[in-house]
Structure formats: C-alpha cells, structure tokens
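Here chain A shows up in two complexes: once beside chain B, once beside chain C.
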Partner chain A sequence: MSAWSFYIGTLLIYFAVDALSAISLNLQFGYAGVVNFGYIVFQAAGAYAAAVVVLGKSAGPGSFQQYVFGAHLPFPLDLVVATLAGALLSLAVGLFSLRRMRRDYQAAMLLIVSLIALQVVSADVPLFNGANGLTGVGWPLGQIFGLSAPASPWVYAAWAVGITIVVYVGVVWLSRSPWGRSLRAMRDHEDAASAMGLNITALRLQVFVIGGAIAGLSGGLLVEYIGAWSPGAWGYAETFVVFTAIFVGGVGNYKGVLLGTLLVPIIFLELPRFLPSIGYPGLTDSLQWVAIGLAWMLCLLFRPRGIIPERRARARRLAATVLEPSPIKEGA
Partner chain B sequence: MSGQLIASIADGVVLAAILAVAAMGFTLQFSLTNVLNLSFGSVMTVGAFVAYLIAVVHLTPWLGIALGGVAGAVTTVVLGRGVLRLYARRRTQLFEMMMVTLGLSLIIDYTVQAISHNNIYGYSVLQGSALEMGPIRVTPVQVGIVILALVVLLATWGALKFTRMGKALRATAVEPGLARACGIPTGRVVLVTWVASGFLCGLAGVVFVISTQSVDYTTGEGFLPLVIAAAILGGVGNLWGAVGASLVMGIVTEVVAGLGQGGYSTVAGFAILVVVLLLRPGAVFGGSEDRQLVL
Partner chain C sequence: MGPEASAATPPFPMPAGSAPILEVSEVAVGYGGVRAVDGVSLGISPGEVLGVIGPNGAGKSSLLGAIGGQVRASRGRVQLGDRDVTRMMPHQRARLGLMRTFQTTSEFSRMTVFENLVTSAEGNSGASLAAVVLHPHRTAVREREVAERAWSVLERFEMTHTADLYGRELSGGQRRLVEIMRCLMREPRVLLLDEPMVGVAPHLTGKLIDDLRGVAREGLGILIVEHALEVVHRLCDRVVVMAFGKVIAAGAFEEVVKDPQVQSAYLS
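So, the complex of A and B:
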C-alpha cells in the first residue's frame, strides 16, 4: 500500500469524524441555538470510554498506563459505550448549564467546563493516565475479521463514512420533523415558543444530549483508528475548528456544514503539510491556530450565515403572501 | 489536620488576592460595556510574558509588575477600541460580541505560543525565605500580593466613589443613554474603563505567575474559569462582591488542593457558582439580554 493511499484513506476517516462533529454541533447551534463551547469534551468522553472498554483490565499504578474500569468488550458494545458516555456526560452538564439564563453566560459556562475538564483529566492520573493519555487502543470490529485499523485505512474509512451517512440521514430527518421545527422556533423566538407551550429547558436538554451522543460516537470512531488519546487532543480550541467549519459552510444548513468540514479541518489544516516548513518544529501548528482564529473573526464580520445559508421555511413565504401587507412587525 | 486546614486557608487568601485583582478588572469592564470578555485570560498571559521578558533582561521585577499591567492596558485598549468597535459598528449583538472576544483569545493564545516556542518558562522573582507562624508558612512575596490586592481594592473603590470619572462611570454602567444625554462623555468613560480594567488584568497575570513561578501560553486560560466565576458570583459590577466571591473561591480551591486533590481544586471553585446558581438563580444571573453594548 502506497503512502498516498494511506494518507487519503486517513483523511477520509478524519473527514467522517469531523463531519459527525459538525452535524451534531449544527443541530445544537444552527437549529436549536444552543452554543456548546465545550463540544470537544463530549467527544473526548466517548474516546476515553471506548479506549478503556477496548484496552482490557488496567495493570494499576506503576505500570505503563493506568485507567479506571478497563474491559475487553466486543463489537458493537465499544461504540455503544462511547455513545452512552457522550450522552450521559452531556446530560450531567446540561442539567446545570442549560437553565434559562443569558446566552452569553451559558456559552461561557460551557467554555469553563471545557477548560476545567482538561485540567482534571490531566491532573488525575488514575482516571485516564493523566497528561500522557492512553495508547494501544484496538478496533474490535476489525479484529473479528483479522484486520487492524491502521493497516487497512480504506476498510476503516468505509466503516466510518457508513456510520456518518446513517447519522447524517437521521439528523436531517430529525431536523425536518415537528421536533426540529420546534427547535427552530425556540432559537428564533424563545419567549414566543415558550408561550406556545414548548418546554424550552427540556428541548434544550434533548438536543444537548443527542448532540453529546453523536459526539461520543465520533470520539469512539476516532480513537479506534488512531489508537491513542490524550489531553493534547482535546484543547478548548478544537471546538472552534468545528464552529469555524459551520460558520464557513452555513449555519443551519447540513450540506453547507459538510462543505465547511471539507474546507476547514481537512483542506485548510492539511495544506501546510505540502508547503515548505518554516521556523522551528511546531511553529506551523501555532500559526494554523492563529489562522483559525482569524477565519473565525472574519466569518463573524462578513458572512455570519456562511457560504450556503439556511433555507428559509416555505411556509413563511406563503404566509407573507396571504397576510400582505403584514400587520405584524417582526420582533415587535 | 487543623494545622493543614489553617495552612490551606492562608494559601487560599493569597490565591484570593490574585483572583480579586483579576475579578475586579473583569467585573468593571463587564458592567460597563456588557461584553463578556473571554479574551481576558489571554491578556493576562500577555502581561505575564512581558514581566517574564523584563526578568530575562535582568531589570528589577518591580518594573516587570508595572510594565505587565501597562501591557494589559495597552492590549485591552487596542482590542476594545480597534477590534470590538469595528464589530459594534456592524451591529454585532451582545452574544456575537462574546464570540468575537473568543476568536481574539484564540489568536492571542496561539500567537504567544508561536513566539514562546510552546515552552514553559520558570519565573522566580522576589521569592524570599518563608516566615513560619505556627502551621502557616508564608513567603514575603505572598504577603506582598495580599497587600497589593488590598491597595488595588481601595484605590479602585475610592476612584469609583469619589472622583468625577468614577461617578460618570457608575452612571454610564447603569443607564448609558441617559448618561450621554446628561453630557457625560461616555466614549471617554469607556476608554478609561478599558485602560483601568486592562491594567488590573495584566497586573493579575503578573502576580499569578509570581505566585506559580512559571509561565506558558495557557497561563491565563487556566485561570479564566475562576475569574469569570468570581465576577459573576459577586454580582456583575459589584466591586466588594467580586472580592468576597474571590475570597470564598480562593479558600475553597486551596482547601481542596490541600486535601491532596490538586486536579479538582478549580472544579471545587466552579462548583460553588453552580450550587449558588441552582439554589438562587436570580441572585447570580440577574440582568437580561436586552442590555446594550457600550463601546
């Protein structure tokens, strides 16, 4: 297998994982208006959960790596556990952070959760081996057929893309359902939605947990391919790569979000590999993050709705023609 | 056991002093401009690195403390006047403005990472031999930090209470439109707020790294959760509240760390905010989203 084939296969897997993240964050942010600045924590939860149920019993303190629980669960329990870990953690976080409060406070709280979680996992070595992280994670499904993930990236890519397609279809279906419409109602006018009888807090919590479950799944998929997971992989800034992808592609539009995923985490972050390296090792990485920050700021300044913006619902156009001239001023 | 507890509480007071300086700066700018400034931690890092550079060229650490504060003030003014105003002119709302400050934070953090080669630098200045008073061990610099915080508190409180600018600032924070109509130059008030809060921010960054004796690009970001929690718990714009909340959080954080759970110390501080929020949501999270940006 050539290096190129391996590289393209790996990129495809990253695309699938990033697309899962972007889909889930778009459901939360684009549709429900929940600003999850701690998204990466839920992906990390899934990754750690999948790792400890694949790695087997921990040898305990003093050994090469130590962690809690530890088991050899067969497929598909590994991914189920990852998904559940993401969902349960988001339920726990959502219960205190999703109460009705100013949106900027809410977003700041989730950012704080992200910063603190990183400190805790880095410092508490018995939990997930601290800052060194876990390594040697395998791929339970592949082992059934005698395959290992790094040796056959194309098989793994097909598996990851397949899961992504299923999730994509499911989330799009959810977004178009009456439940999805009530999410948008909540996003656009919380008080009005509440007056119509929607339970705002419950809706927020539902979308938060569903998003968290997808995040956990994506973390599990990622860790079974790369085989290792440590606090270096989920700094608070990682969340903003996904957010930038959504901003670039189109907030509230799933096709746009896929385009954004292709543009930002894949093409933009991989491009520097092909440029001559500058400065000391690591400089390019730092500059990439600066560039992500700049892209984020420019999106907010010029194209807050993205390249492919959300389509306005058809019913509104119909209502506008029927009611014209509209006696109701929007936002009044 | 009780000796350990008393020692932890003493450490907590020192941490609270650092936290109070930062929280006062944060609450000052938040109450006036209504921007939830998430780049506050990054500006702290900038102040800390400036102080480190002063130490590298062997100038007196006191100059480092002063210039760290100045660097914080300059950075904050540039961000507030230059960048945030640009967005305000495009009718960016309260919430989007917070996202803008987050982008700024990302840019500053990783620029510092690029310049600092992603290394952790030791920074030991002004450390003297510890004084022992029963179970309490304090270094002179820790005493100095507490005194500094008290001076900053009294100076800020006095300036807000007794000067014309302080009165103008309080008026603008409560009702910007009315203040402007009464002839208060709100633009200048905002500028003064950026300068003062930025100075406190940079200062807090410097005393934080004096206390931890090391600096890297995540320094301020790691401290930010406690700062925001203290400022919000104390009631936005409430100077004494910010100091009281800092005291509570500082002590709780250090007591938990003293029990051998260093990794969970920040969690404990943040948990206080969460508990208060669950019990008395109105007391902490007052204020509606209708408030306007004042830039």
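So, the complex of A and C:
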C-alpha cells in the first residue's frame, strides 16, 4: 500500500469521526442552543471506554500501562460501551450543569468540566495511565476477519463512513421531527417555549445525552483506528475546532456542517502538513490554531449563518408531508 | 357580591353566577428586599376579560410571572379551575391551559410563523422524543391536525401571507399577533397578555380588541396588563389597579378611574 493510499484512507476516517462530532454538536448547539464547551470530554469518555474493554485485563502498577475495568469484549460490545460511556457521562454532567440557569453560565460550567476532567485523567494514573495514555488498542471487528486497522485503512474508512451515514440519517430525521422543532423553539426563546408547554429541562437533557452518545461512539471509532489515546488528544481547544466547523459550514444545517467538517478539521489541520515547514519547529502547528480562530472570527463577522445557512421550513413543504389533501396547498 | 373593604388587599369582587377559572389568592413576589407583589388576590370567570393597570413598577408583570410560573411566588396560591398550580413549572401550567405572552415579544425568531404556531400546539407529549420515535404514525396524524389548525388560526387573524416568514422578519405588531395566535393553538382556558398592544399599528388595535373579545366569548378567561387606557376601557369587563405591589382599586373601568387613590397613584 502506498503512503498516499494510507494517507487518504486515514483522512477519510478522520473526516467520518469529525463529521460525527459536528453532527452531534450541531444537534446540541445548532438546534437546541446548548453551548457544549465540554464536548470533547464525551468523545474522550467513549475513546477511553472502548480502549479499556478492548485492551484486556490491566497488568496493574509497574507495567507499562495501567487502567481500570480492563476486559476483552467482542464486537459490537466495544462500541456499545463507548456509546454508553458518552451517554452516561452526559447524563451525569447534564444533571448538574444544565439546570435552569443562563446559557452563558452553562457554557462556562461545561468548559470548566472539560478542564477538570483533563486534569483528573492526567493526574490519576491508575485510571487511564495518566498523561502517557493508553496504547495498543486493537480493532475487534477487524480481528474477526483477520484485519488490523492500520494495515487496512480503506476498510476501516468504509466502516467509519458507514456508521456516520447511519447516524447522519437518524439525526436529520430526529431534527425534522416535532421533537426537533421543539428544540429550535427552546433555542430561540426558552421562556416562551416553556410557556407553550415544552419541558425545557427534559429537552435539554435529552439532546445532551443523545449528543454525548454520538460523541462516545466517535471516540470509540477513533481510538480503534489510531490505537492510542491520551490527554494530548482531547484538550479543550479540540471542542473549538468542532464549533468552528459548525460556524463555517452553517449552524443548524447538517449539509453545511458536513462542508464545515471538510473545510476546518481536514483542510486546516491536515493540509498544512504538506506545506514546507517555516520558522522554528512547531510554528506551523501553532499557526493552525491561529487559522482556526481567524476562521471562526471572520465567519461571525461576515457570514454569521455560515456557508450554507439553516433552511427555511416553508409551510407548504412542512404541511405537504402530512397534509393530503392540504388546505395549505389550496390556500397559499 | 360587592367589594369588601380591607386596608391591605381589597378582595376582588367576583362576578356573580360563575365559578372562577383562575383564582389568585394573597400572592406575593419578592426580589431581594423589594416586594414587587404584596398579597394580591383576584379571579377571572370564563368569558371574562380582566384588565390590570397601574403605574410603572406597580408589580403587574411580576404578578403575571407568578401566575404563569416564570417567577416564584413567595407566598399565596394560584388555582386554575380546581387545580392548585402554585408550585408547578410553567410548562405544566401551560399544559393545563394557562397560556401567556411576554412584555418583550417572544416569537421564535429563526422559525417561520407557521412553525411558531405548530410548535405551540405540539408543546405536550405529542412532540416528546418517545412519541416521535415509538409512534411515528400517530405523530404524523397529529402533525396533520396541527397543521390544519395552524392554517385556520392564521386565516382567522388574516396572517396567512406571513406563514413562511421568520419571526425576526415580522413587524412589532405582527410579532404580538404571532404570540397571541400561538396561545390560541392550544385552546387555552386562561390567557395572560402582557402589554399586547405595544407596537401594534393604531388601525389594527381595534381589530385585535374585537378578536380578543371574540376569543373570550368562546369561554376562556383573559387577564391583560396594558398601559393604553382606551384599550383597557374598550376591551375589559373589569379592571384591577395596582400600585406598589398591591391592589388599590377594582371594579368597572369608569368607576376605578374616578377613584382618588387611583388618580394619585397615576400622578405620583
């Protein structure tokens, strides 16, 4: 396999994982207005959970890596555990951070959760091997067919893209349902939505847990491909890459979000690897973050709704799916 | 039943013959050390329009908040029909038929007018995650009913041409109408309106008054906070005057405006 083939396959896997993140964060932020500044923590939860149930029993202190809950679970339990880890952590965090308080306070709280989680996992070595992280994570599904993830990136890419398509279809369907409409009402005016009979606390928690589950799944998919996971992979800034993708692509529009995913994490973060390195070592990496920040700011200034803005649900179209014969078709 | 004199709170005279649909007893609301509402009692019968007037800072909006559940009442009781709703969340009160509009317009700005209406009607178990996932067919049937209803409400208020406009693309007056239409999507028992005429063009005010009277005739109770006294005069069956968190007068509009206490409250 050529280096190019490996590289493109890997990019495709990253795109699938990033798309999962962007889709679920768009459901939370673009639809429901939940500013989840701690998003990456839930992806990390999925990645760690998948890692420890794939790695087998930990050899304990003194070995080159130690962790909790070591097990050898077969496919698909590895990804189920990853998804559940994201969902359960979301439920726990959501129960205290999404109470009735202002959205900016919630955002601040979630950012703090993200910082605390990173510190705890880095410092508490017996948990997930601290700052060194976990390595040697395999791919249970591939093992059934005698495949290893790094050796067959295109197979893995097909698998990851397949999962992403299924999640995409499900999330878009949910978003267009009456439930999704309630989320947008909550986003636009919480007090009014609540005065219309919508249970704001329940809606917010539901969308938080669903988003967290998808985040966990994306973490599981990522760790089984790259085989390793450490605090270096989930700094709070990673959350802002996903936010930038959503803002650039179009808040509240899933096609826009996919485009943003292509543009921001893939082009901004991956393409510079091919550019001739300039200045001192590490400068290019730092400039990537500057580029991400600039992209976000320019978007907010000049195109706040993104490249493909949220689509207007016209009454005729809205009703056409449910009304037959439709008074709206005749009346409008 | 006549008004009984009481220094603290004049008990509100109920119209004879019908049980109140909304009953507010001795409700108080405090913000820190400030008593915004201080022991207010009132009642509304089905089909009745009750006006609450008073100078700025009298506690009118806080009273509405305490009734709607947006503001916590430190004491007192709010009863809707035979249900005590004092400790209920706003959405629980709404599901029982207690709907409200807000002082600053509260349209869903990035949703179309049609969606604004549809969302309101679905603000109950019909839009729940479980219903959507487990009963897609039932949800679709309900969507159909709700869409038909939304269209008929738009027709009633001659707003069909705005169906596809976003909330944020409407004029101030149209936003007020959307709020009222949204409430009517759910067949409320009690409607709380916080200054619904602000921003409404003068030539539409008369129509809105007629519409609200028509809605009330269908048997729901309306409580309206309004500064425009000519609107209150034309629309309301009875009026409550508030000042410094208390009810200082109550009765027919012509009577209360002659009350020396009311005149001094408005002049002070």
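The rule is simple: the second predicted complex is superposed on the first by the 315 of 332 C-alpha atoms of A that agree within 3 Å, B and C clash if a C-alpha of one lies under 4 Å from a C-alpha of the other, contacts with A are read in each partner's own complex, and residues count from 1 in each chain.
Methods note: a residue touches a chain if its C-beta (ideal position, glycine included) is under 8 Å from a C-beta of that chain, and two chains touch if they have at least 3 such contacts.
Fair warning: this is a prediction, and the values are worked out from it, not measured in the lab.
Visitor: Please indicate which partner A:199 is in contact with in the superposed arrangement: first for chain B, second for chain C, both, or neither.
Guide: It touches chain C, and chain B stays clear.
Visitor: Is A:148 in contact with chain B, with chain C, with both, or with neither (first, second, both, neither)?
Guide: Once the two structures are laid over each other on A, A:148 reaches no partner at all.
Visitor: Touching A:102, do we find chain B (first), chain C (second), both, or neither?
Guide: It touches chain B, and chain C stays clear.
Visitor: When the two structures are overlaid on chain A, which partner does A:191 contact: first (chain B), second (chain C), both, or neither?
Guide: second
Visitor: Touch check for A:277: first (chain B), second (chain C), both, or neither?
Guide: Neither: A:277 stays clear of chain B and chain C.
Visitor: Contacts for A:310 in the overlay, against chain B (first) and chain C (second): which applies, first, second, both or neither?
Guide: In the superposition, A:310 touches chain C alone.
Visitor: If you stack the two complexes on chain A, which partner ends up touching A:120: first (chain B), second (chain C), both, or neither?
Guide: first
Visitor: Taking the two structures together, which residues of chain A meet both chain B and chain C?
Guide: Looking at chain A, the two contact sets are disjoint.
Visitor: Using the touch rule from the top, collect the residues of chain A that touch chain B in their complex.
Guide: Spelled out, the residues of chain A in touch with chain B are 35, 37, 96, 99, 101-105, 107-108, 111-112, 115-116, 119-120, 122-124, 236-237, 240, 280, 282-283, 286-287, 289-290, 292-294, 296-297, 300-301, 304.
Visitor: In the complex of these two chains, what residues of chain C are touching chain A?
Guide: Checking each residue of chain C against chain A gives 68, 70, 89-91, 94-95, 99-100, 102, 106-112, 114-116, 118-120, 122-124, 126-129, 131-133, 139-140, 142-144, 147-148, 150-152, 155, 160, 163-164, 166-167, 179, 182, 186.
Visitor: What does chain A use to touch chain C in their complex?
Guide: 174, 177-179, 181-182, 184-185, 187-189, 191-200, 206, 252, 310, 312-316, 318-319, 321-323, 326-328, 331-332
Visitor: Would you tell me which residues of chain B are touching chain A in their complex?
Guide: Within the complex, chain B touches chain A at residues 36, 38, 83, 86-87, 90, 92, 94-96, 98-100, 102-107, 109-111, 113-114, 117-118, 221-222, 224-225, 228-229, 232, 262-264, 266-267, 270, 274, 277-278, 281, 285, 287-289.
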